[in-house]
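Both complexes shown next keep chain A, but they swap its partner, so chain B is in the first and chain C is in the second.
And now, the complex of A and B:
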């Protein structure tokens, strides 16, 4: 408050003035003491802040180390494994949020609902072919085709070549989505989820985000909150309020893949380590997505254009970048990532209206890693996963893992690095 | 022998759609005996006003409840309604948000015709509205049971809310009593409490329950474990309890909650060494159906064998005409397997209860307009009734706020020829669902007879003297 009103120097002058006034009213001794404290703090502000946090951390370590020492080795290993794997799910969700932020500077609060929607679309086409509505498949295919060709402008509808592309996309989608037989249902579901995610991402960008280009970022952020409520309503209207077990991983056990992997380490670690196959898959997909996006943003022209757009949309537009297209691509990618996370989480537990709450756990991961950082999303997700698991292990019965520890870590990191571990440092003059 | 017999009945009830009761479309069957009406209410409407989480964590339970209310209201309306008055539903979704609960209550209590009676679903809602309902003199029927929601923090201040099941703490005590009485099956029982955080999930873990269970020879671990409904993995939570010595895990959660605990137990290879148990909602059809994605080493859903409270009569007990009627109507209304759960039964019982309550209230005060919350409260407290035979509605003249009768049951799965319960996945009845997946048919087998659950409120009659 003071800082924003007076600026850095002004704040200190204000504080000194306050302490001086205090000294007049209370006598020279106390006033001198306060002035001295203020001056010392003024001159060593950063060191004092770090020292306070260092003392806090040392105290925490002194508390934690004996607790760690009292644990059996297999529990420590198990918590590490679980933390990393659960962190992979958080990382996938965080990655979607970061992609949008990187392209538009917007923090997407609707990512959790996009996850559920993606999972439900996948489920719809994963079901038996007879239960798939040809009309729904046709509408999904045609709308996706139309949204893709009109990404930059509605005028594409007057272009025969663009219309032909749209017809191709729609025809491919419809045929693929109506493939019969259980043996191909995974392929059908993947194509359905991709079409659904692309349509979701492009629609959100076109009708909710695009009209706000050039407006304050806060308006866009609020818009994402509105979108989350809208998606809530849509999922309920179409699929109802039921909880759906997504049997996407049962095929793995039929292929002879253990569910879960069990590592017998009784002699070495004192127990058995389990690795849940579905979470391992989520983790591997996170790594794959991480590598792909690092390359995308660093080496492709679209990726570089996204970064430029995030810096300044009007400036990017003035140098000839297609801001609309770039934003649309970012939202489509984010929706795809959300769908992947939704399918994996749906398979690990179930598709339910609780799923969007999981995104709340990914929010600290995003802030921890840095809002614009792809590696930060991965690292942030893993750190939050590990912190949660170890808090659950060391402080049983306290809910510290879900309610306290991730936010404590986030607070400490933000104090030391306000832009997150890998975030871009920004200096704004007041 | 008893298990097999009941299992057979259960399986038959769940898959049969054949009409069981011969009756016409305008009169009620003989076994439904409401109080005779002294006042004709033809042309009037009686609203069943209810609000709760029908789109959030509890949707798996509350959606079938709405289905039950709808089917039952249609059935009774076609047969005369309440002394000629038509039952209509008015519901509000809170999504599990207490802010929305308050808004819904403000809406209903602010209506020109203030409600005579409300229906609530959740412990958290009951705790929030307890004082307001008393102040506004509106009684409410509830399908939940936290001590503070019904009796206040001191456990001795009955409010205006009446639960259709035993208090969750009393259910936990009831479970301990069963375990203690079956020491040969559960030697040296140590129970670890694992649940959702919040009013519902935490409501059974009380000091009174711990001391009562200790008296029954059952140790409750002092440190409970809580996990959010959106949790991806609870391996650490389960291992914490098992490492602390638990050989029984008790959960006060529903839908995905018990399923996730069971799945984790299977993953950790604890199926044979640790018993899973839970509150009455943990034995619901929804839990059995969700569990089809996680099979145990026997090939049956991971929740096979879960023990818990069953304070109502169940679908399997088709010898009861009320159950037979509901089964028939569920089939006639093409309700899917997922709707045939505890809540659907409660929906029917609730509508039947409404009819009896209003018939008595109107008889007492002479007209529908003269019925208000205070009149309804008196009627509730004086009534001794069994709605469709599903449970015993008797609040002991106003001394009780939760119906005490309870029994312990186990969830199993029907075998392929519906002659009993399955012993493995190979001989289980596998039902193809519309979404292309396969479900196993959950069957609840009572392990004990109905008896009052121990009174474990603070200062309750069965709380051991410390």
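And now, the complex of A and C:
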């Protein structure tokens, strides 16, 4: 990241000689304690770098291989399967972050709280019609309608046609949320979650991100952190610190699907491999959602416009794209992705205040895949899932999988390849 | 900068005048007087030797907490405000300082006065390690590296170092003593913490005005241009990490000896975010910023939010039927904190210190507006 337009080697060499001469001749100034070390490093940059990589790799292998060898083979297979399945949700969270980053260059630290909020909204409408508060449904529908029509400017409020559209959106939402019947509760929950996610995404973009356009990166990073605090407060205020197992996958057992799949492999691997049906279904659904969004970016005009905006905002504006609307749509889509991830994760385990912490371990996945890369998000998510499961297997009782391994991966990625596997290399000019 | 605006007729005729911290006599009396007044506060509380009850004891504890956070946020100001490197791992550095000080005092029986500098040094070295990625990455990526520090350091303290740190359980810390005087009470710790905070704030301010400070600012404003001007960007970034971590270490160690116990729960990611928020609310890049920010945020958390809860408990559940009054207590703190941060970022991104400078200028130029 530090290379200038002149190429990194050239600039460094020139500056090193300069600073070295400076420190020798004057004996102060630049020559404080690390100059000699950094000069030696810069002059032998490549050799030292590869030597450090080699030492690190050998140390890792020496640590891991004996531990892996002592494990029973079926447990290795079990960890691989679980890791891949868990990685599916990480890939969804990572995709949400990548979408926002591609469109507006903001890294969204609040994705985890958006995920929890989406899951909780889904949970609220995933109950019998009588227990749904009509006031909450009405407020949700009306606010969503208003936010949707005013994405480009508040002037839409004066336009009768826009107001009619808003009324339509609100009426559809309210009626859909209030129709009775227990058989329709999944439909109600899905509509409620979509409305909630769109409202969350658009509100965040309108009131927090849009006023900060043109501000330095520091302000943007802090703003997403402020949003996460706000969402924390809102979820606490309405739902409290609960632990809710979301019963979305309970219908499966009535259909005759075995609840955990058991694969008997006692002869070949020495044990039984257990695949939790909830995890498997969450994984398949997240792959489906992932594919749907990739298709959206590739084949629909809105998706193409979003990619064009991500490439160059001024150019996109000059060919007539509404950049402001597109940024708002990106946030809405990210909130939708977060809600899907929240519902799937809530179904696989439960909705609780741990979920935002879980989303933090998707950040390494984003950086590993590359901040701008959609396939990278999938690969990164799966790798992080695998790394977590194997760390839990090899170092039991220390929370190494959830608390340490993803962040070690993050450090390694940052040191070796900061742009990730598929990210764009950036060349900076003054 | 507004410090150039002076009463008319005050001109610099020597270098000593140019670099003086207090340029006019009024400034000098004001700052020294305020410092003395601050030092008198514990004597006026009920714990003091005079037995007066003018200042509530609670204030002394709050002032201690504020001063400890001022030290930590001054360090963050060096790193983020002056050098422009975002750190999401400042609380982890505080944890390193706190645990180093605690272990040195407890297991090795070392006196507090030796444990404090050693804790600062150890934390500084840990900060250097996590500053190393700044060789390759910057901006947002570096923030991610410090985020990794925020998770890796507590994990190391919790599991591999458990025999020393007592793991997730809190660790008792001895009371500092000097010549037989025990610094057990808040009023006694006050005389360690407040001078330390004042001294370190002045040190940070002096650093800003020196060659190092100007180099850090040039790295913040445009690191490629700074490099072309012959500033060793990497060295200065590492220096900023070292200083920031050292300040955090001192703050952590003081916090440990202040409460006489250390627990990892007080050094989580929330605390790092809170410190960044204090910096922004106060004004990043201003020497006075940390004091404003820490004071406002801590007063908000400790005084304003508790006093808001009873009226909200009465009003909110009636107004919005889906809100349960049990949840208000836990929800209000993040809600108000996040709202304050967001409002400052949108409407006052340069913080309270910038407002303060504007007020000062307006006062000095009165009755003319410019």
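The rule is short, and it goes like this: the second predicted complex is superposed on the first by the 350 of 430 C-alpha atoms of A that agree within 3 Å, B and C clash if a C-alpha of one lies under 4 Å from a C-alpha of the other, contacts with A are read in each partner's own complex, and residues count from 1 in each chain.
The rule we apply is simple: a residue touches a chain if its C-beta (ideal position, glycine included) is under 8 Å from a C-beta of that chain, and two chains touch if they have at least 3 such contacts.
Quick caveat: nothing in here was measured; it's all calculated off a predicted structure.
Asks: Between chain B and chain C, whom does A:241 touch in the aligned arrangement: first, second, both, or neither?
Replies: both
Asks: Tell me which partner A:250 touches in the superposition: chain B (first), chain C (second), both or neither.
Replies: The answer is first: A:250 touches chain B but not chain C.
Asks: So, does A:262 touch the first partner chain B, the second partner chain C, both, or neither?
Replies: The answer is first: A:262 touches chain B but not chain C.
Asks: Now for A:272: first (chain B), second (chain C), both, or neither, which partner does it touch?
Replies: A:272 contacts chain B only, not chain C.
Asks: Using the touch definition from the top, say if A:399 reaches chain B (first), chain C (second), both or neither.
Replies: Both partners.
Asks: For A:415, decide between first (touching chain B), second (touching chain C), both and neither.
Replies: second
Asks: Which partner chains sit in contact with A:114 here, chain B, chain C, both or neither? Use first/second/both/neither.
Replies: In the superposition, A:114 contacts neither chain B nor chain C.
Asks: In the superposed view, which residues of chain A touch chain B and also chain C?
Replies: In chain A, positions 232, 236, 240-241, 360, 399 sit in both the chain B and chain C interfaces.
Asks: Mind listing the chain A positions that touch chain B in their complex?
Replies: Residues 72, 75, 78-79, 82, 85-86, 89, 123, 126-128, 131, 182, 185, 232, 236, 240-247, 249-250, 260, 262, 272, 274, 276, 279, 345, 347-350, 352-358, 360-361, 389, 392-393, 396-397, 399, 401-402 of chain A touch chain B in their complex.
Asks: Going by the contact rule set out above, which residues of chain B touch chain A in the complex?
Replies: My answer: residues 54-57, 59-60, 62-63, 197, 223-233, 235-237, 239-240, 243-244, 255-256, 259-260, 267-269, 286, 289-293, 338, 434-437.
Asks: Okay, in this complex, where on chain C does chain A touch?
Replies: Per the touch definition, chain C meets chain A at residues 80, 84, 86, 132-133, 135-141, 143-145, 147-148, 151-152, 154-155, 159, 211, 222-225, 227-228, 230-235, 238-239, 269, 273, 276-277, 280, 284, 321-324, 326-328, 330-339, 341-342, 345-346, 349.
Asks: Within their complex, state which residues of chain A touch chain C.
Replies: Where chain A meets chain C, its residues are 1-2, 4, 11, 15, 18-19, 22, 29-30, 32, 34-35, 38, 107, 133, 135-136, 208, 211-212, 215, 217-219, 221-223, 225-234, 236-241, 360, 363, 367, 398-400, 403-404, 407-408, 410-411, 414-415, 418, 428-430.
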